[in-house]
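These are the structures, in C-alpha cells.
Both complexes shown next keep chain A, but they swap its partner, so chain B is in the first and chain C is in the second.
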Partner chain A sequence: MGIRFVLMVNKQGQTRLAQYYEYLTIEERRALEGEIVRKCLARNEQQCSFVEHRNYKIVYRRYASLFFLVGVDNEENELAILEFIHLLVETMDRHFGNVCELDIMFHLEKAHFMLEEMVMNGCIVETSKSNILSPIQLMEKAS
Partner chain B sequence: MALSGMRGLSVFISDIRNCQNKEQERLRVDKELGNIRTRFKNEKGLTHYEKKKYVWKMLYIYMLGYDVDFGHMEAVSLISAPKYPEKQVGYIVTSSLVNENHDFLRLAINAVRNDIIGRNETFQCLALTLVGNIGGREFAESLAPDVQKLLISSSCRPLVRKKAALCLLRLYRKNPDVVNVDGWSDRMAQLLDERDLGVLTSSMSLLVSLVSNNHEAYWSCLPKCVKILERLARNQDVPQEYTYYGIPSPWLQVKTMRALQYFPTIEDPNTRRSLFEVLQRILMGTDVVKNVNKNNASHAVLFEALALVMHLDAEKEMMSQCVALLGKFIAVREPNIRYLGLENMTRMLMVTDVQDIIKRHQAQIITSLKDPDISIRRRALDLLYSMCDVSNAKDIVEELLQYLTTADFAMREELSLKAAILAEKFAPDLSWYVDVILQLIEKAGDFVSDDIWFRVVQFVTNNEDLQPYAALKAREYLDKPAIHETMVKASAYILGEYGHLLVRRPGCSPKEIFSIIHEKLPTVSISTIPILLSTYAKILMHTQPPNPELQSQIWAIFGKYESCIDAEIQQRAVEYHALSRKGAALADILAEMPKFPERQSALIKKAEDSEADTAEQSAIKLRAQQQTSDALVVTDQRTANGTPPVNQLGLVKVPNTSNEWNTENQEVTRANGALPVVDPQPPSTPSADLLGDLLGPLAIEGPPPTAPQSESIPVSGLEGGSTADALALAPIEEQTNTVQPIGNIAERFHALCLKDSGVLYEDPHIQIGIKAEWQASRGRLVIFLGNKNTAPLISVQALILAPSHLKMELSLVPETIPPRAQVQCPLDVVNLQPSRDVAVLDFSYKFGTHVVNVKLRLPAVLNKFLQPISVSAEEFFPQWRSLSGPPLKLQEVVRGIRPMPLVELANLFNSLQLMVCPGLDPNTNNLVAGTTFYSESTQAMLCLIRIETDPADRTQLRMTIASGDPTLTFELKEFIKEQLVNIPVPTRAPAPMPSQAQPISPPTAISDPGAMLAGLLTRWALNNRMRGLAGVKGEFYVINLSLELECLEKF
Partner chain C sequence: MNPFSSGTRLRDMIRAIRACKTAAEERAVVRKECAAIRAAISENDQDYRHRNLAKLMFIHMLGYPTHFGQMECLKLIASPGFPEKRIGYLGLMLLLDERQEVLMLVTNSIKQDLSHTNQYIVGLALCALGNICSAEMARDLAPEVERLLQFRDPNIRKKAALCSIRIIKKVPDLAENFINAAASLLKEKHHGVLLTGVQLCTDLCKVSTEALEYFRKKCTDGLVKVLKDVANSPYAPEYDVSGITDPFLHIRLLKLLRVLGQGDADASESMNDILAQVATKTESNKNAGNAILYECVSTIMTIEENGGLRVLAVNILGRFLSSRDNNIRYVALNMLMKAITLDSQAVQRHRATILECVKDSDASIRKRALELVYLLVNESNVKSLTKELIDYLEISDPEFKGDLTAKICSIVEKFSPEKIWYIDQMLKVLPQAGNYVKDEVWHALIACEQETLVRVAVWCIGEYGEMLVGNAGMLNQEDPITVTESDAVDVVETAIRRHSSDLTTRSMCLIALLKLSSRFPSCSQRINDIVVHYKESLVLELQQRAIEFNSIIEKHQNIRSALVERMPVLDEATYSGRRAGSVPAAVSTSQGAPLTLPNGVAKPTSAPLVDLLDLSSDDGPALSSSGGDFLQDLLGVDLSPAATQQGGNQAQKSGTDVLLDLLSIGTPPAQSSPSTADMLSSVQDNQSSVDILDKLGSPSGPPPQASPPVGSSPMMDLLDGFGPVSSAPVAENNGPSYPSLVAFESSSLRVTFNFSKQPGNPLTTLVEAQFVNKSPNAFSNFIFQAAVPKFLQLHLDPASSNTLPASGNGSITQKLRLTKQPAREETPCNAHTDRL
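Let's turn to the complex of A and B:
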C-alpha cells in the first residue's frame, strides 16, 4: 500500500506530527519512533536518504531543525517519496510562508489537513498545491 | 507565526514546549487529561467549539506518545456536527485515534453514509477520506456501492472522485469478498481516460491493486497506461500545477510504470512499440542537472523505467543500456543514486542473465561494502550475495570475511549467515568451506548462529575425505587463546568423531586431545557441557587399546556430573559412565555418526524465511523467490547438537517402503549410538521444532510413488502399448492431448542420458528442463518447470513412478505455475541396486480446458551411477582373470549396431562414463574400458569391459563385461548393448513430434535384431516379474501385440 507512516521530528527527537496509515498500538508507535529517530538523526549529510528498518524503508529529509520521515514498503519508489516530502514542505511553505517547526507545532491541525489532502490510505492522492490548499482556504474563509 | 484559532490549545502546546524534562511533561499531560475527562463527563454544557478544542488536545497528547483511553466517543460524535470545522476535526481525529475494529466507529456508520450520499462535496470528501483510511468490513458492506457510484459519476467533481478511488481501493483490499469488482475492467479503462491528474493519480493506485490481484481482467487498461505515459513523458501535456520542477507529475509517471509491471508481457505490437519509445526516451534523455529536486524527480522516473525494462526483459539492447546505466550509478558519489543503483542491480540479477556483465563491477561493489553509510553497505552486501557464483565465490567470501571484523554489530549476523551460505553453495573444494566456517566462528562467534556450525559438522560427517582435515583444523583452533564457545562446540564435536584420524601427529594423542578440550570446560556454558561429555565418551571409545589413566580421568568427570543439576548433563554422564564400563559394547553404541540424509540447508531456508516478509506480488519478486529456492544438500540440526537423530531418521520420507529399506533404516537408527537411550521422548514423537524443520520444502508432500505404483508403469505400458514410441512414453491419452510436444521426446531423453542438463520436454505451454548432479550412488535432479504463457498453468501434478531400484524423493510441486515463471523442484535419487529400469515422470497440467498429460522418462539411468576409472595393466589383468565366466563375466556378440569408426566408439564409451584405457589390449581394433558402479547394495564396484571389433564389418562386435556382481554384469552388458544399437542417429532431422501420431510404425531401433532381442528379453523378464518372479525389465519397445506374443513363444 505504499506509504505506511509520515513523521515529523525535530532534532531533539521530539515528534511534531505523526500520521500512520496502518494501525499500531501506542506502545508500538513509541518504540518504532524511538528506533527510527535514533537511527536517522545520527546520520550525516553525506549519507543517503534511505534507511532500512524492520520491514520498512524510511525515506527522510532534513529541513533546518525538522526531520521529515516517511516509512514505505517495497512498493514505493524511493526518490519519488523523497520529492514528495519536498512537495509537502513547499505546500506548507506556500500556506504558512517560510514554514518552521513552530508553525507545524502550533498549527498541528492545518498540517494534518494538508497531509490528509495529499495522502490517503497510504497512496498519494493529490500533488497540485492549489488543490491541496483549497479546503484549508475554504475553512479559513468560513471562520 | 499566527497563533491557532484555539487559544486553549496553543497555551497547552506552549506549556508542553516549556517543560524542562519528560517528568514535567508527563505531569502536565496528566493534568490536561484529567481536565478533559471532567469536561467530557459534564458533557451537557460543552459547545462544539470546546469539544473540538479538547479533541485536538487529545490528538496532541496521543502524538506525544501517551495513551488516550477515553474521549473517543466525543471525537466520533463530532462527525455528525452540522458545521464544517467541527465535522472536519471529528473526521480527522477519529481516523487518527481509532482503529477499524473500534466499537464506536460502528456508531458513526450512519452519519458517514449520510455525508457520502449527501450533496455537500466537502462533507463527501471528509467521509470518503475517513473510510479510505480506516474503513472496515461493515463500511464495505454498507458503502461500497455508493463509493463505486461516486467514482464513475459524471456529475461528481474530481475532488470527490479522487477520494472515492482510494476509498474503494481500501474497501476492496480489506474485503475483496464484499466489494464486487466484476465488470470493473471497462470502468477502470474509462477512468484512465480521465483528464484530471488528481483523479488519474488515485485511479492508478486503484489499478495497481486490482491488477496485482488479477491482471487478466485488466488487459484493456494496458494500452491506456501506455497512453498516459506518452501524454506525460513525451507530450508533456500537463497543467502547470502538476509539473514538478519541469517534470510532468513524476508520481503519476512512476505509478503508471508500476502498474505496467504487473502485466507479464505486452503482446500488442503497437502498444509495445509506443511503450518502448517512451522508455527509450527516459533512459536516454535523463541528464544530471544542478537542481537537486529536479534531479531526484527525473531519476525517480528513470529508476522506475529501469525496473519496467527489466521486468519486460525483452529488448536486448535496452537491457544492456540498463546495465550500463546501473554500472554508472554505482560509481557516482551521490549516495542516493549509488544506493538505488546497487539495489536495482540486485533486482536485475534476479530477472535476467546479466551475471557476467555485472561481475565486471565487482571491485566497485566491494568498495561500496566499505562505505561509511550502512544503508549502502547493506545494498552492496545483498548485491555481492546475489551475484556470487562458482567463479567469484572465493573472492567474495574472503572479502566478506575480511569485512566481518570491522563490520557494525547490526550487520554481523546477516553477514556471517550470507558468507556461510555462499561458502556452502559455491565451495570450489570442501576444505576451503571448512576453513571459511571456522574463520567465521573465530571472527564473529557471537553472530554465528548454531545453524552455521551444525552445517559444517554435517558436511564433514558426509564427506570422508574431509574428516582428517577438519579434525586437524579443529585441533589447531583449540591451541589459540580465548576461543569462542561456538568454536569449542564445533571443535569438540569434530575431534570426538574424527580426532582418532590424527593419532600419529604430534600433540594429537587421545590424551592430548582430551586435555586440551577439557581445559575449556570451566569456561563454557551449560549447553556446551553435554557436547563435551559426548566427545569424552567418543575419545574413550576410540582409544584402543584402552589407556587406563585416561579412562580413570574421564570416568572421574562422568562421576562428577552424575549429580549435575542439569538433567541433560546428568543423564549423559550416567549413561556414558555405565556404557563405557561395558568395554566392547561402547564401540557398537558410540560408533561413528552415519551420514546425514541430504536435504535442504537450514541456512538457506533461514535466508529465505527472512526474505519472505514482503508480500510484493510483482512478477520480478516471484521469479526471485523461485530462484533462491534451489536448495542444496543436507540435514537436520539436532543431530549435531548432540541430541538424538532418531526422530529425524524416522521421519524422513522413504518412498520405497520395501522391507529391506526398513531394515536398513532401523539399522541406521541403532547405529546412531548411545543417543536413543538418552532420548527422553519415544522416537516416534518428534519435537515441534524438528517437525517444523522437516516440513521444509523438501519434505513436504509425501512422495507419490510407492512400490505398487512403480509396478504400474509396465502395466500401463502394456495396455496403452499400441501407441507408437513407448520409448518416449509419450502421452497415452491422445484424445485429450491436443497439445503437441515440440521436438522429439525420445531424442531429448537420450541426449540427457549423456549430459546433465538440458530440456526434457517442451510444448507450446511449458518447458521442462533438467539439471542433475551425481555423486556415487546418489543424485540430485532439479526439474525446472517453466510456464511459457502469460496465463498461469493450473492443476499441475507431477508424480514420480520410480522403479524399485531407485529411491526417489520429489519436493513439493506447486499446483499453479504463475505466468512466465519458472518453478524448480529438486528430486533426490538414491540408487539401491544395478538395474536398467527407468523412472518415469507422470506430469500433467491444465491449460484452459485442455488437460495435458505426459509420461516422460527421467535420465536417472545406469551410466549416471558410473564413475570412469583408469586401470593400469597391473590392475586390469589379475581382476580380469579372477572374474572367470558367467555369471560374473558375460560375453556376447552384438550385431546390427550402427557402424562407426573406432574413435567414435571410444568417445561414446567415454561419454557413458566407461573410461577407455588405451594400450591395454595389444590388438588395436579392440577397446578396453573401466568404470566404477555405485549403488547402495553393491557399494563401489569395479566393472571391466572389453570390446572386440571387426574392421571388416563394423555392424557387429563382441563384448565381454566383468564385475563382482552378477546382476550388475548383466545389466551393464544390456545397457551398453542398448546404447550401441539404439543411438539416435544425429543426422536424422529432428521430428517435429514423436511418432505416436502416426500409425504403428516401429521406431528404427526395432528393426535391429539386437534391439529387438533386448526389448523382448526385457518384456519377457517383465512379465515374469509381474508374476512374482525376480527379473529385470528395461525400456519396452512398442510392438504389435500379436508380434510380441509370437516372439515370446519363440523365445
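Let's turn to the complex of A and C:
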C-alpha cells in the first residue's frame, strides 16, 4: 500500500539501495529492476517524472549520478512522493555531509536505517529530519 | 591481520566487486565471499557476525541468493547488544519476508523486545513487526502494540501506530480494538505521531465501516481544526518544506477528509471552508504547494456536491494544464479523467488544451491525454475530434500508433452518426495504420451492414491480392501497409465464416480464395483446406463451388492461373453510359479507398474468363454490354450465368437493377424472363451436349473437365434450375413452352411435371404434377410434398385424389405454383407415399 519499493540506481543501471515493501522473489526483483531502470534511464530531462508500469506508477528523480525511484500505488499523490524523495536526499545529506553515491555504497546499513525511520510498511512515518536522524546519531555515539 | 575484521572488510568486498569488469568476475567474487561467510556461520563466529550480515545484505541487493544467512539474523536479534540487534532486524527485514517459516521463530524475540526497557529497541521491534509480520504474529502481538500506542515517547507511539496499520490489514477483526486509541492520536501535537495517527484512521475507515461511522461523527470537526492549525501555523524549521509547513501532513489530512466526506453530506459541509481556504491560499509556484493543491482538488471532486468548490477545483486544474512543467500537466490530466464523470461540461472547455497534450513529446502525457480525449467524445464533437486524431495518426510514433488506432476505431464505432461516415473514417485510418488495426476492428468493419462493401472488398482481395501484398500501386500519401499473404487469406476466411454472411458473399469468398490460391502459392494448401471444408456444405451453391474449385486446385493447376487471370480494364465511359440509375454512393467510394485499385477499367474482348460465358454473343451490342456491365461481369461471371447478359438482351436496366444483378445470384431483373431464358439458352449453347443438370449448377462455367457436382442429386438440380428448365430457345418473350419432365421414376411410381408460364407473369411457373402408380398395389393416402429453394415460393393446390390406383390405371394430378424470389438456399424435396 502506498509505497511499494524504493530503489537507488546509478547511471549504469547498478542498484545501490533496494527496499521493498511487498514480497517479491529474487528473480522477480531482478527482472523488475531491469525493466524499470531501462525505462527511466532512457528518458530525458524534459519528460515528466512519472512512469506507468504495469499496475503501479514509478516516480523518479535524478540527483547527480544517482536515480531515486519510488514505486507507488495508482492512488498515491505523485507530487507528494517527489517531495518525499527530496526529503530523503536532504536527510542523507545532513547526516553524511554532501552525500554522494559512494557514501551510500559504503554505509549501506546507515542509509537503510534512515529509510526505515522514514517509511514503514509503505507509509511515510516521519518527515522531520532531526527526528529521523536522532536514533542514528545516538547509535553512532554509542558504538 | 584478522581477515574477518570489521568495516574494512565490507569495504574491501565492495571495492573488489566494483573492480570487476565482467559479470562472470563479479559472480566469482561474490561466490568467494559467500563461501567465507558460510564458513564463519558454521564456526559460530560471534564477533563479526554483524559485518558478515552487512556483506550478505549487499550481496542480496545485487540479486544473489542469501538464504543461508537467515538464521544469522535470528541469532543477532537474540543478542543483547544494540548494534547487533539493529543489524539483525535490518537483515530480517531485507532477507526475509512474511512467508518464511523462520519468521515464526522470531516472534518470541520480538515479544521480549517489545517490552524492553530501552525504547530504541522497542522501536526496532515495532519497525520489524510493522514491515513483515504475518497474520499469526499479528494476532499474537496485537495487545502489546495496543499498549504501546499510549507509550510516553512519541517516537514509539508513531511506530506503534504504523504497526497497528499492518496488524489490522492482516487481521481485520482486530480493528475495533484500535478505534479509540486512534481517535486519541488525532489530538497529538507531535507531527510524526499525528501523521501516523491520521494514516491509521484512514486505514481503519477502509477496513471497517463501524470505524468509518465513528470517525465521521466524532472526529471530522477535530480534523478540520487540525488542518486549519497546520495550514495557518507559523514558520516551523523542522517541518518546513519550501515555505510550507509539513506538506506531508497537509496531504494526509486531506486524504482522511476525503474518506470521511465521501458519501456523507454533513461531513462534506463542515469541510467546505477549510478546503476553500487551502485551495485559494496555497502557493503554487513550488512543487510542495502544487502537491497540496492536487490533493485538495482530488478531495473536492470526491466529496458531496458543492458547486462553488467544484468550479474552484476545475480552475486549478486548468491552471495546471497550462503549466510548463510536465509533472504538473500529468497530474492535471489524471485528475481531469476523474472530474469528467462529475462535471463533463467544465472539462469540455479545456478540450483544445487536451488535444494539444495528445501531441506532446512526452509519452506519459500523450497516453493520459489520449485516454481523456476518449472520455470526452460525445455526439456533438466526435467529428472534429476524430479528424484531429486521424491527422495526428499520420505523424505519430510507431509505439503510440497502436494505442491511437485502437482508440480511434472504438470512438468511430461508438459514435458514428452515419454508417457512411464510419466507413470513411475507417478507410482513412486503415492506410495509415493498417498494421495496428486489430482483428476485432477488422471484423467489426466487415460486420457492418454494408454487405456490398464486404463483397467488393473480398472481390478486390481476390483479384488484386498480389498487388496488396506487394504494395504496388499505392497512392503517394499513404504509408505502405505490409499485408502478408496470410493476412489476405485471413480476411477472406473471416468473411466466409461469419454467420451473417449471406450466400452471395460466401460464394464470392470462395472465388476469391481460388484466385488467391493461384496468386499466392504459399497459401495454396491452407486455401485448399478452407475450400475442402465447404465441400460438405449443405448449401448447394457453396458445395458445388467448393468441389469444383478444389478439383481445380488439386488436379488442374496448369489451367488455374489462366482461369483466374486478372480482370481486364473496363472502359469507364461505356460503363457509366450503361448505368442509367443511381448506384449507392457507398459502393463506389469504398471501392476506391484503401485498396487503391484501378476503379474503372476498360475491357478488351480478349478476357479469357468472360469469354467463357460470353458464348454466342459476340455481336456488337453484346460486346458493349459486356464491356459496360463491368461490375456485373466481374461479379456476375463468378456468380451465375444469370448475370451475364448476352444475346439480344440489352441492359435496359435501371441502376438498381444492375446492382441487383451484381449481387444476387440468379435473380433476374424484374422485367425480363427473357433474361432467364437467355441465360439458360446461352448456357446451353455453350454445351452442345446439353447436360442440364451439370451446367445449371456450375456458375463459373470453366473447364468442361470440372467434375460434376458430387452428391447433388438430380432432384435437387432440377429444382435448382427452376424456372425455365428446359431447352428453351432464345426467346424474346413470354410463354415459351416447356416440355414435360419426368421428375421421378421408380419401379412403383412415376412423377411427371408439366410446366407452363402465364403470359403476364414471368416469375410464376405453373406445374402440373402427374403421379402414376406402376406397381400392382394401389396407394392410399398418397400425399405429395414439395419443398423449394428459398428463391422460390411454392403454392400447392389440393391433389385430385389421395388414392393412386395400381398399374397405371389412373393418376393423381396436383397443381403447383412456383414464384421466383431473390436469394436462395437449398432444401431437398421429398415425396411421401403410403402403401396399402
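What we mean here is this: the second predicted complex is superposed on the first by the 143 of 143 C-alpha atoms of A that agree within 3 Å, B and C clash if a C-alpha of one lies under 4 Å from a C-alpha of the other, contacts with A are read in each partner's own complex, and residues count from 1 in each chain.
Here is the rule we use: contacts are C-beta pairs under 8 Å (C-beta built on N, C-alpha and C of every residue); 3 or more make two chains touch, one makes a residue touch a chain.
Source: prediction; values computed, not measured.
Asker: Given the touch rule stated above, what does A:73 touch, chain B (first), chain C (second), both, or neither?
Answerer: Touch status of A:73: first partner only.
Asker: Which partner does A:103 contact after superposing on A: first (chain B), second (chain C), both, neither?
Answerer: A:103 sits against chain B, while chain C stays out of touch.
Asker: Of the partners chain B and chain C, which touch A:30 in the superposed model: first, second, both, neither?
Answerer: A:30 contacts both chain B and chain C.
Asker: Looking at A:121, would you say it contacts chain B, chain C, both, or neither? Reply first, second, both or neither.
Answerer: Both partners, chain B and chain C.
Asker: Report for A:138: first if it touches chain B alone, second if chain C alone, otherwise both or neither.
Answerer: It touches chain B and chain C both.
Asker: Where does A:65 make contact in the superposed view: on chain B (first), on chain C (second), on both, or on neither?
Answerer: Neither partner.
Asker: Where on chain A do the contacts with chain B and the contacts with chain C coincide?
Answerer: 1, 15, 17-19, 21, 23, 26, 29-30, 46-52, 77-80, 82-84, 86-87, 105-106, 108-109, 112-113, 116, 120-121, 123-131, 135, 138-139, 142-143
Asker: Which of the residues in chain A end up touching chain C in this complex?
Answerer: Spelled out, the residues of chain A in touch with chain C are 1, 15, 17-19, 21, 23, 26, 29-30, 46-52, 77-80, 82-84, 86-87, 105-106, 108-109, 112-113, 116, 120-121, 123-131, 135, 138-139, 142-143.
Asker: Which residues of chain A touch chain B once you look at their complex with the stated criterion?
Answerer: Residues in contact with chain B: 1-2, 15, 17-21, 23, 26, 29-30, 33, 43, 46-52, 55, 73-75, 77-80, 82-84, 86-87, 96, 100, 102-103, 105-109, 112-113, 116, 120-121, 123-131, 134-135, 138-139, 142-143.
Asker: Quick one: which bits of chain C touch chain A in the complex? Just the residue numbers, please.
Answerer: Residues in contact with chain A: 10-11, 14, 54, 57-58, 60-65, 82-83, 86-87, 90, 93-94, 97-99, 120, 123, 127, 130-131, 155, 158-159, 162-163, 165-166, 169, 191-192, 195-196, 199, 203, 238-239, 241, 246-249, 251, 287-288, 290-291, 294-295, 298, 325-331, 361-365, 367.
Asker: Applying the document's contact rule, which stretches of chain B touch chain A when the two form their complex?
Answerer: Residues in contact with chain A: 1-5, 10, 13, 17, 56, 59-60, 62-67, 84-85, 88-89, 92, 96, 99-100, 122, 125, 129, 132-134, 159, 162-163, 166-167, 169-170, 173, 197-198, 201-202, 205, 208, 239, 241-242, 244, 249-252, 254-255, 258, 293, 296-297, 299-300, 303-304, 335-336, 338-340, 372-373, 375-376, 378, 613-614, 616.
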